[in-house]
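Next come the structures, one after another.
Consider the two complexes below, in which subunit A is the common component and subunit B and subunit C are the respective partners.
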Partner chain A sequence: MAALWQRLQKQGGIELLIRVVLLLYPFFPVLDWAVQSLTGQGIRLDRQLVNIFIFGLLALALNLQVGYAGLLQLGIAAFFAIGAMTTGVLTVEKYPFQLGFWGAILVAPVMAGAAGLLLGAPTLRLRGDYLAIVTLGFGEVMRIVLLNLENITDGPRGLNPIAEPWLPVFVKDTIGAEKAIYAFALFALVAAVVLLRLLERSRLGRAFVALREDELAAACMGLDPARIKLLAFAGGAALAGLAGALYATNLTTTAEPNTYDFNYSVMVLCCLIIGGLGSLRGALMGALLLMGFDNVVSPLLTRVLQKAIGGDSNFVMASFSNWRWIIFGAALVLMMRLRPEGLWPSRRIAKELHEPPAEVA
Partner chain B sequence: MLNVANMSASYGAIDVLKGISLRVEEGEIVTLIGANGAGKTTTLMCISGLHKPRSGQLTFLGQDIVPMAPHHIVRLGLVQSPEGRKVFPRMTVAENLEMGAYTRRDPDGVKTDYERVYSLFPVLQERKTQPAGTLSGGEQQMLAVGRAMMAKPRLLLLDEPSLGLAPLIVARIFEVIQTLNQQGTTVLLVEQNARMALRIAHRGYVLETGTVTMEGTGVELLADSRVQAAYLGE
Partner chain C sequence: MTAPLLEVRKLTLKFGGLTAVSEVDLTVQEGEVAAVIGPNGAGKTSLFNAITGIYEPTSGEVLLGGEDVREPMTRRHLVQQALAGLLLGTMALLATANIDTMWLAVVKNRAEPGFSAGAMAQEAVRYLQALPRIEPRVGRFFVVSGDGKTTLGTAKTRQEALVLRDALPPQPAAATARWLRLLALVVGTAVGVAAARAVWKRTRRTPTSLARRGVARTFQNIRLFHNMTVLENVLVAMDRHLGHTQPWTHPSRRLDTLLPLGLLGMLLALVATLRLGDPAGALPAILLGAFLLGGIAYLVHIGRRGAFSQATLALEAAASDKALELLTFVGLAQNANDLSRNLPYGYQRRLEIARALATQPRLLLLDEPAAGMNPSETVALMHLIRQIRDRGVTVLLIEHHMRVVMGISDRITVLVHGKRIAEGTAEEIRNNPSVIEAYLGTDGEH
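Let's look at the complex of A and B:
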């Protein structure tokens, strides 16, 4: 097992992960069929995978802010919500300016990125814990604004129905409209991974590392810490906006604003901590584990549990999703104790945590 | 080249610099000596724009640099190597040098400067792929100086490069500072090790609790009885 683990780590991790998912995809109907015959109900794994991809994008977005730039951000859900809401406003029939999926997918990241700039410009100078408080507040304010601006957002009902993505007929005929969002989400995720990989290796990527290592020395070398942090913050916000656009399109609604609450932001942060802060593959793996647990494992276990206790479905503990915070909490505590760098860290970050720089007198 | 006129600086309510004036001419090594806490580091921080002076003028190559941001000042060729060998400990030696060249857009020039740094400090070439945090104190200081050189400074500000190093290594570093100067880099050297600094400096200033109390050529200051009593232990 350990040897297999090491081999997994040696090979390009993300590429492998994606390859495995892609290879498995044709077999999902079989898996679904198996689950259905065992528990009497399918779980539609392809749909769950869309959620995992979208959540993976969101984790990558937060990773850009928290992992690369070291900005403790507790309100990522707000930018996700802005992306979803922009998509709603630009695509539902209620509004005269319908741009459709393609327009929305372009405008949503711009809006979220702009919000990131506006929030970041005055606040990124704040020390870590203050920034955390400001972003937490921003997240909650955004949620409440969305709830109360009923004229624009339709409040708790959310904007709907969001039309499905427009596709050329021949594409629609070959992959089917329902699979389109799966393809988009996967494509967006792969594109984001490739771009972030390039970013890591770029001049700006180096600058992120230098800033985390020693901000004063970095400033002495002519880096502009304020600008670099703002870039990371706005970039992460934009990526979260893209994830939000896909999320709304997938759901066909902008959803109840309470979806985008503090818990949601914390969930994304959990992904990073479990997978490995600052590591692309770690973020994806965290998203896979958490979302996989929420969408696949937990419903399955719930069914098993309810069968076992004989159908009293009102019993709180009989629904496995009510166990999630206990399980996530325990997982986080264990991670912090045993493997603070995450399950699948980037080599550099693992070093930062395990080898305190030798201070030579 | 650099002109500091009547500059004051404070941290909150504490006045640290009380109107100091000094200048550095092109081609010189100028040293600023003084005891711990005199305000030497603060002076350099103000010059590089990392701490804003409360009052006074700062001009570099005829430009007023007081309102400029630090990253802008670096681009003018005014580069500081900060106190305490602040290398990036988990980046490799080569990556540290690469960060030094962050502002530069001339790949060919950067390449020749790598060669230059490696020829001045051969040990850095040997340790190229090693994380900077695993180097010895002397090697880290060499890396810090080398990294600042990569930024192509016209005026190099060095904050206590001898701090905590063995005499032999200090001698080696001061030798390199002199070489750099002969190759055309102007140097403002902040030191507590007054003897070594005054030996290689063309001119020097003595800073005492935020005030410049003496100035002169290196030779003059070395011969001055007050300097000898206070800083040379004679």
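Let's look at the complex of A and C:
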């Protein structure tokens, strides 16, 4: 206990608290299960958490592109959609592939990564706003393509049902598919965090920083900007594809392509900006805040609101989720005004943002 | 006699109607310190930019050790161009042939047993040739002509539809559709190859490729990585010499941690599956167990070991040592962990030199290294440049400080209005009337 206290003092309370919560994550379904068997009514926290994990993966993917490599990407939802659709096509019963979840989880990132390369290669020379416009366009085009390739994607209905992942009998009998997805999503998230942390500290991470700071100087030092940017683009897209595969499996459908619209991409970007661009912790925190708000807080508030005005559930203004864009928007404006580096930024990016204007030499 | 280290032949650089550099010749021998001087706007920095691949010269050649600096066409480039063509051609073909209906004809006929990958490929080829195809729609199988315009018959099952299709009198392929698809394929491929060739042409000479060939430079307006530490600045430049290690490769410790835990995962899965009487699920269970437990072991392993393998750490440590040695060489060792933007101006210039040296260049281009330095710093800089030459690095510099230029240069080239007006030793340049005229003007002008 004394040692624990010492660590608490050394590392700061928040850090430790977060570690404890992180360690608890794998046990949430167990907790849920216990509550359910005791009271007969589950709290279903794990259901929400899976969404947050998946969204966290997506935020990490975008962080790789926007935060690390400095490529302003507004079409991440397209790669998410490609991952989901690939999973759908490869697993649904009406198509002959039927690779199942474990096969699809390997193919989906590859497909999304390839799409990332296809988008990245011709847009390498674009920067900032121009790249943002192209990727925004790509995102919208991909949505419309998926909507219109009706024979392949089933258009607005989405491909379903996506079979639950194959599991060994002993796993299936004990924890069930739903909790297995929870566990796998958590595993994927942790794996992504560990690998990205490595990347951050490696020579590649160093190259990313150099490229963000001064591309020309970096090129003159023998770094290959094209290669490094493509790597970030493809890597981020592949991670988004993985998230998409998990999303579709969790939902048992690829959902309507309109789900993967511009708003979705912006939501992910919001996560980064609120949490802190270029920071893993920030991205995850942003995902937790935004998705937590969307999935947990907002339904709760809706209930309260509807009770307050007398239970007319058809009244549009009474649904709290309709207010969320206003709230996110206000949050973004406030963040930009008060703390542009985000709630939990990486030290380096905070410095970059607070850099005094360049002196005239 | 061996070829000079750098040879610039009749290099011209035009920006629209403005000729920045006009037919300049420049030769730098290995081991010497050469200088380019000239009044402001003479095109010195433009010449540097053309040599280091930042600008593509309008005409003229740059040779390094007797070889053209532009990357030659290799088999790899050819393969890349062919692939780009193939990719774009296929995309154009699929777009023209309508991939959506193709899916209907090729993939959606799954219901019949024996519809294998081979059969699917066959069906795809038939579709692309615009031969009659089978489309399953609303519970029935339609036999449709190649262009999709006429229905040739319907059947309840795919088998019947196949029979129906085979029984048809030999149908001519829908000629227009066929030609259109071929056209799309050809045009797409051509455009893809052309685009890839254009990109290749433009990237034959890049700052990256020049840096990799051993040309390093500093910048007139300092371009450090300002938010990185001094040491990191140097390490970035050493990146190329760090080999192929990436963080997720762990050559030293990978197997001995992963293998046992992966095996354990397999074993556990196997035992559990067999005990539960599910022998059919044994193999996938083993794979899954190995993947998950092995994966967790891998993550724990790389997460705990401060993230890097022995080999990577050793490489990084060696690189740090080398970087520190370079920093000591330029006199910045005590600032190694400072942010580079907090350095005084003169130090920043030195750091730029250290960073450039870290790429292990054969030729170092210094763009006004003494700008903004006080006299004592300038003397130290001259000493440093001589030391760099003594390390075996050839130096080419632009400088306005005549004391520096005259003091250390073995050979001086004078540029005025983009043209070379003189070349020679310091003594020759000092006494050259046209140089004096360019700098001071003729008597009549005042």
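Here is the rule we go by: the second predicted complex is superposed on the first by the 311 of 361 C-alpha atoms of A that agree within 3 Å, B and C clash if a C-alpha of one lies under 4 Å from a C-alpha of the other, contacts with A are read in each partner's own complex, and residues count from 1 in each chain.
The rule we apply is simple: a contact is a pair of C-beta atoms (placed from the backbone, for glycine too) under 8 Å apart; a residue touches a chain by one contact, two chains touch by 3 or more.
These numbers were taken from a predicted model, which means no experiment stands behind them.
Of the two partner chains placed around the shared chain by superposition, subunit B and subunit C are both touched by A:R203. Legend: residue contacts after superposition of the two complexes on their common chain; A:F187 is shown touching subunit C, with no touch to subunit B.
Once the two structures are overlaid, the count of subunit A residues touched is higher for C than for its counterpart among subunit B and subunit C. In the superposition on chain A, no contact is made by A:L159 with either subunit B or subunit C. In the superposition on chain A, A:A232 makes contact with neither subunit B nor subunit C. Legend: residue contacts after superposition of the two complexes on their common chain; A:N148 is shown touching subunit C, with no touch to subunit B. Residue overlap on subunit A between its contacts with subunit B in one complex and with subunit C in the other: 203, 206-207, 209-210, 213-214, 216-224, 348, 351-352, 355, 361. By the touch rule above, subunit A contacts subunit C in their complex via residues 94-96, 102, 148-152, 166-170, 173, 187, 190-191, 194-195, 197-199, 201-204, 206-207, 209-210, 213-214, 216-226, 348, 351-352, 355, 361. Listed in rising order, the residues of subunit A touching subunit B in the complex are 203, 206-207, 209-210, 213-214, 216-224, 348, 351-352, 355, 357-358, 360-361. The touching residues of subunit C, counted against subunit A in their complex, run 52, 54, 99-101, 103-104, 107-108, 110, 115, 120, 203, 206-208, 210-212, 216-217, 219, 221-228, 232, 235-237, 239-240, 242, 245-248, 269, 272-273, 275-276, 278, 281, 284-285, 288-289, 292, 295-296, 299, 302-303, 307-308, 312, 316, 339, 341, 355-356, 358-359, 372. Partner subunit A is touched in their complex by these residues of subunit B: 48, 50, 69-71, 74-75, 79-82, 86-91, 95, 98-100, 102-103, 131, 133-137, 140, 147-148, 151, 164.
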